[in-house]
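Note that the chains are named A, B, C and D in the order they appear, and that numbering of residues resets to 1 at the start of each chain.
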Amino acid sequence: MEIIFIISFFIIAALVGLIVRQRKLIEGISVASSLVAFLGSIIVAIGVSSSGIYSPMPFFSVDALGSIMMLIIGFIGFAITVYSIQYLRKETDKGVIGLTRVKQYFVLLNLFLAAMYLAVTTSSPIFAWISIEATTLSTAFLISFYNKPSALEAAWKYLIINSVGLLLGFLGTLLYFTSVGPAGGSGFIDWHTLMANAIHLSPLTAKIAFIFVLIGYGTKAGFVPMHTWLPDAHSKAPAPISALLSGVLLNVAFVIVLKFKIITDVVAGHIFSENLLIIFALLSIVVAALIIFTQKNYKRLLAYSSIENMGVLALGFGFGGLGIFAAVLHMIYNAMIKSALFMSAGTVFLKYSSTKIAKVKGAITALPVTSVLLFAGFFAITGIPPFGTFLTKMLILSTGINIHPVVTAIVLLALIILFVGFLRHIVDMVFGKLPADIKIGEESIWLIIPPFVLLAVALFLSFYMPPFLQALINNVVSHY
Amino acid sequence: MNILILQFLLGTIFLTLVFLHLSKKNLSAAIVYGIQSAAVIVILFNSFLETHSIYLLLLVLLTLVIKIILAPLFFIRLIKKHELSFSASTYLNTPLTLIVISVLTFVAHSQKLAPLTNIIPANNTLLSLALSAIFISLFLIVNRKGALSQIIGVLSLENSIVAFVVFAGLEQSPALQAGILFNIFIWIIIATVFASMIYEHFGSHDVTSMKKLKG
Amino acid sequence: MSFTLGKISLPFIAFSFHVDLLSSFFIFIISLIALFCSVYGLGYIKHFYKKYNIGTLGFFYNLLICSLLLVVSSSNAIFFLIAWEIMSITSYFLVVYDRNDENNVKAGSLYLVMTYIGTSFIILAFLFLYKYTGSFDFATIQSKVALIPSSVKDIVFVLSLIGFGTKAGIIPLHVWLPDAHPAAPSHVSALMSGIMIKTGIYMMVRFFMDMLQPAPVWWGLTVLVIGLLSALLGVLYALTEHDIKRLLAYHSIENIGIILLGLGSAMTFYSLNMPSLALLGLMAALFHTLNHATFKSLLFLSAGSVINATHTRNMEDYGGLIKYMPQTAILFLIGSMAISALPPFNGFFSEWLTFQTLFQGIAQLHFYSQWIFIIAAGSLAFTGGLALACFVKAFGATFLARPRGAEVAHAKESALSLRIGMWSLAVLSLLFGIFSGFITGLLEKIGKSFIDLKNIPSPVSASSYQGIDTFNGFSSASAPAFLVLFLVTIVFVFFVFRYIVNRNQKIKMGETWDCGTNLTPRMEITATGFARSIVLIFKGILKPSIQHETEYHDVENRYLPKSRAVTLSIGNIYHKYFYQPMHKLVSELSMKVKNIQGGNINVYISYIFIALVIALFSVL
Amino acid sequence: MSIFIWILQFIFVPVVSPLCIGIIKKIKARLQNRKGAGIFQAYRDLWKLLHKDETISNDASWVFRYAPFIIFTVTIIVGASIPLFASFVNNNFTSDLLVVVYTLAIGTFFLALAGLDTGGAFGGFGSSREMTISALAEGGFIFSLLTIGLAAGTTNLFKLSSAVLFTHSQFFIPILLSFCGFFIVLLAETSRFPFDNPDTHLELTMVHEAMILEYSGKKLALMEWASANKLVIFFALGANIFFPFGIAGGTAVGAIVMGIVALAIKMIVFCLLIAIIESSMSKLRFFRLPDLLMVSFILSVIAIGLIH
């Protein structure tokens, strides 16, 4: 029931956003809806952790991974909604945007969140596809939010590339239905039916289907070489949207791939899918690391870092075993840390009104707290203790050393390059001489609290895992 | 309806795609897309004749409205508004394009792709043709520089996938298909809006003029 | 003693501690030095007030000490790595603490990068160990070490040598050290130079003497060669410096080299199954670790108070400070004597042990290993001489002669807490010297805690009067005897020549002989000038570049120069020939990779298409 | 008896050292066809200096004031801890060769500091050169003694002198080689030709004299005396470590007298050598000296290689 509640609440919020003209009301209801969603997700998650798969009606079914995703969406979504309010206000004060845009923003934001919820909760692969496509459609205008030529360019690339990718994914999805046979065409087919009928799938078809799915949804998840839209979109969208895109949306798309992976493994054997994942992971990590080394734009930098982290996730699932455990953990940490980073970057952008690293100097003086957050986020994302990412990195690598020592070594090297590059840019931004025209002082407390909370929770989770989360993760490991 | 007609319809889709590759006029491209969609709709209608589900008929009508009436209309309005009678150029010249198309067609027909084309052995030829249609429409998006052409490319990719799905006997329950259709409809709107915005910002529909975002 | 804290739900990691004698020895060093550095810090940080946030400093400072303790006491690889990383990060923040100085930030970045690279090597080493032993627990690894194929073991050796060597600052991985240590506040520099780099030594001992045994001979010899290179080059670079803290930092490299000489010979003997000699070498290494910790932190602290008084690190602007800060001068003198291994200070005895170890190696080995030992001993001898020269330069240029800088004139003796910290260290470095016999006894216990070193004839017997006696009478020395002899004689001599011979002698003050010109401080020899001759002798290694700039009174006749300036600078060959090319390579590579993101959407879509086709045909 | 020997051991070096200087001066004079002062002139000079008043630079600190005492003391200690005429005197505390080397280094250390202390231009470059030379000499010094040490299996100088290695023929060449190395070091450390010119105040050439330029009266006397002691110490080392003939092996009076006589003879030989070198060859260019010192080091290394 909670799911319906959540979704409908979002829809209501969106409609309110369409109708009313009081800014406060719109903001309020958006926050309320995201809060409701968060609480609902927690309830669902606890339910799932205690009593297996949660499926109030045939249309919805949430397994462990799904509930983890719900938690991520809910938590990050809430934080970002809170952040967005202050962010947009600052933009309005600057005279960059007007009320209509604010309305548009919140409408689309709510739709976006709703679509993501649908994608992870629905039991129908086709409907999952529809909702993923819906996320594309709802975010397209958010990416072109500032309505500048470059923003438009980013949005266009986002739209076209993702549509192509998703159409391929759609074909792949349908190919899985061959197992059910032409007869099943009319009936309503959910993940379990597919899973059950997986044995009827011809191995070769399964492999082809998985390739289509991996490349299709992989486009959305931002694997190299289908990642090309990602840096553009992330760098041009408003900071909170970028945060949502790379913190949550990528993971959502990746989860769909995983759902198909287990179906494929039934007939095609896990080696096949794992090798594919490892190849794409390796590509993503190496390319991202190298590009980060000479990156000039800090939002693009973060975007590439998300690509790298998706690579790490894929690597974890590719290595299997403990790698999966680590990957799930990493997914959770990464979502929070990356969103926090994007928010801090947004605050920096509000202050310096440029995304060029060269333009940003002496942030520690201008934005003391945000700079600390940036630094903390940097250490967290590059896997430095005490952040849990260090442990996940270690676990993934130590699973890898047994199966693919060479791959592991290469990844380690790439991580060094990434760290060096990332560090240089962060240091350039945080330290140095403050430009004269920048006035000292944080913009607003509400721009600091959300990222701070996210990082704090990430740090907390690195030391203590709530039992229900623990159970969920173990459940995931046993399934995927 | 017997196999021949279906083959003919699929043939039309295929040929429209080839034409889309060659055509220099946006207007004709829009119209040809309409024809292509018409073929798809007839195929869908055929499956309605098999199943007699009334929802399917509704669906067919909806598709008709969206793909044959609305979509071309949007395009034509777009064209009129910015008077772009001629579409932006392609990367490969006509002969090369044709060569690539033929290569793709052979690839699609090759035995290697049997697992795809033999999903329903009876429809083997149809499926491989549909597959080649898919490839060619992908190639269309790659090859064309005009924004409008890319939109049409994506849409015809969708069309050919639909055709493939129908012949592979994988079509979904009408409800889901309606959802998909709705998606497509929204997509068309957004895409056309973007296209006109592109024209306003860049003064042309040539997407290659958009290469600010690098590295 | 070993225990595990709490049960962690996550796999592999366990907060398990194992404190054996070796760990406790290092814990002792850390807590000892940390104590006095903190006492010193109390007064030292005053000049940061109202400039930076003192809380931050305290936070990171204490976190650093804590992590240091964890590093030497942890017995689980993951836990160890966490502590290790925290150590690096906290020290990084201490390095960039004085952030308004551009160079400090640069130094910090370089430091963090190098340490991260080192850590990655360590991680890889541990991963290999894990691959074959299936555990991250030190004890388990040690017990299952036989399962590791020798080739992999060699790889692990190289990886860990690079990893820990980076932290210890061996040449050529030392590039971060002379930049980072000076950048930090002085009591932190003392901590870093005195202790932090020793954690690298600690882990080397752990790995090479303890966990990875038995080891082939070439490991030990490799360490030996690295040690002699670091020692000799370190002191040579120190001679070229005129930044007092950089000079000290380079001496840390030199001393790490000396420690490695001890360790390397120990490893060699260990592999050659000469346990008693191995024990001697190990004792030498550990003893020098302790001693270096004391006198190097003493030196850094006294340098710190000099900087505090003069607000510059450039020795050319010092001079004559002995009159303004007499106590600091004496402290620095004691430090200098200790580090240049002058008896009866502690530095001498550890170096003496090291020498003895090497002599034994020369006496008992053959072929190439003997020659490596000969070269090692030779380099140690020259290192000693050069270190002496270097500290004559340091002390002379800083404290003696006339002030060369304006700041010196209003320098004051440093505050009480600073002096307490320094004096206690100074006294320690004398006591460690005098009771060297006793201490070697303790060190022997530590050495014997290693398997294979148990119940063997002890190489060193601490005879009566605290004398040290190696291999019953091969050699022997006694600090107390020396001290007594020295004191008695000097008192006697002083008494005789002061009060007996010509009691009523008149002493009158006068000017220094100036050949008729009036003597100015600019005529004194500078730090650079002092070392110039040595630098030129070793120009083959140091690659100095000398520019003369002469300004003439009138351009036509070039007989009357107005001013002459000589700039002598040392090129950093490691940056030039290794690090910069690496950096360039990566940047170019990344530039190439960037072309993937060319901005053209058609190309982007073709990527998808191509990826699809390739993937399809790879499976079909 | 042993008390008597110890006292002798202590006072021997300071008592004899001026005489050596005198002898060297005398021989040099003769070689230059001069009559020259008597061989006891050095004693008179010291006596004279000891009774003169002093002038101390205003810039001088306590280092300058106390350095002479330290340096002199160092020479006394070292003199007491090396074999002079008796090898049985068993001193296990300070007579290790490394202890001796580094104790001498203390003297060098303070000498150089004293040179720097007054801030004069001469003292500065004097100590710079001094440190350069002694730094490079150290390797040769240690290794030349080490050669014998390895041959005899100990690094205790008394034991070395008691071990007569000439009987073993395989040690003959190594000992000769290492002695050559040692002799070069001797010249360097005692600031003799071709390293330094002990009797000039020409700033281009002087090293040791430059450092003590500011000293006068009593302190100057101590400095001179100390350097004379150093000379004798090196003579004794060269004589007793490399050619321990006739050195007293037992406490018998005759043996000891014999030992003293033997030492005296060997010392005179050394003086002769020095004198001849100083009047026959000229001072080397400063930057040629490293080569010479390297030669001494390499010689010893070869010697070590030959022992096995």
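One rule holds for everything that comes next: a residue touches a chain if its C-beta (ideal position, glycine included) is under 8 Å from a C-beta of that chain, and two chains touch if they have at least 3 such contacts.
Computed from a prediction, not measured in an experiment: that's the story for all the values here.
> By label order, what chains touch chain B and chain D together?
C
> Per-chain C-alpha centres versus the global one: which chain is nearest?
C
> Hey, which pair has more contacts between C-betas, A-B or A-C?
A-C
> Among the chains, which has its CA centre at the largest distance from chain D's?
Ranked by distance of C-alpha centres from chain D, the top chain is B.
> Between chain A and chain B, what's the gap in Å when you average each chain's C-alpha atoms?
31
> If you average the CA atoms of chain A and of chain D, how many Å lie between those two points?
Taking the mean C-alpha position of each chain, the two centres sit 79 Å apart.
> Starting from the mean Cα coordinates of chain A and chain C, work out the distance between those two points in Å.
46
> What is the distance, in whole Å, between the centres of chain C and chain D, each centre taken as the mean of its C-alpha atoms?
For chain C versus chain D, the centre distance works out to 34 Å.
> List, in ascending order, every residue of chain A touching at least 2 other chains.
156-157, 160, 164, 204, 208, 231, 291, 294 - these are the residues of chain A that touch more than one other chain.
> Counting only residues that touch at least 2 other chains, which ones in chain B make the list?
In chain B, residues 115, 138, 141, 150, 207, 210, 212-213, 215 touch at least two other chains, as defined above.
> Which positions in chain D are in touch with at least two other chains?
Correct list: empty.
> Which pairs of chains touch one another in this structure?
Pairwise, the chains that meet the contact rule are A-B, A-C, B-C, C-D.
> With touch defined as at the start, can you tell me which chain C residues reach chain D in the complex?
319-320, 322-323, 337, 340-343, 348, 352, 355-356, 359, 362-363, 366, 370-371, 374, 377-378, 381-382, 384-386, 388-389, 391-393, 395-397, 399-402, 463, 465, 467, 469, 473-478, 481-482, 485-486, 489-490, 493-494, 497, 501-502, 505-514, 519, 521, 523-525, 529-534, 536-537
> Mind listing the chain D positions that touch chain C in their complex?
50-59, 61-63, 69-70, 72-73, 76-77, 80, 92-94, 96, 98-99, 102-103, 105-106, 108-109, 112-113, 116-122, 124-125, 127-129, 131-132, 134-139, 141-143, 146, 149-150, 153-156, 159, 213-214, 217-218, 222, 286-287, 290, 297, 301, 304-305, 308
> Given the complex with chain B, which residues does chain A contribute to the contact?
Per the stated touch rule, the residues are 124, 126-127, 130, 133-134, 137, 140-141, 144, 149-150, 152-157, 159-160, 163-164, 167, 170-171, 174-175, 177-178, 181-182, 185-188, 202, 204-205, 208, 231-232, 235-236, 291, 294-296, 300.
> So in the complex, the part of chain C that touches chain B is made up of which residues?
594, 597-602, 605-606, 609, 613, 616-617, 620
> Give every residue of chain A touching chain C within the complex, in rising order.
Within the complex, chain A touches chain C at residues 156-157, 160-161, 164-165, 168, 204, 207-208, 211-212, 214-215, 219, 224-226, 228-229, 231, 272, 276, 287, 290-294, 322, 325, 364, 379, 384-386, 390-391, 394-395, 397-398, 401-402, 405, 408-409, 412-413, 415-417, 419-421, 423-424, 427, 431-432, 465, 470.
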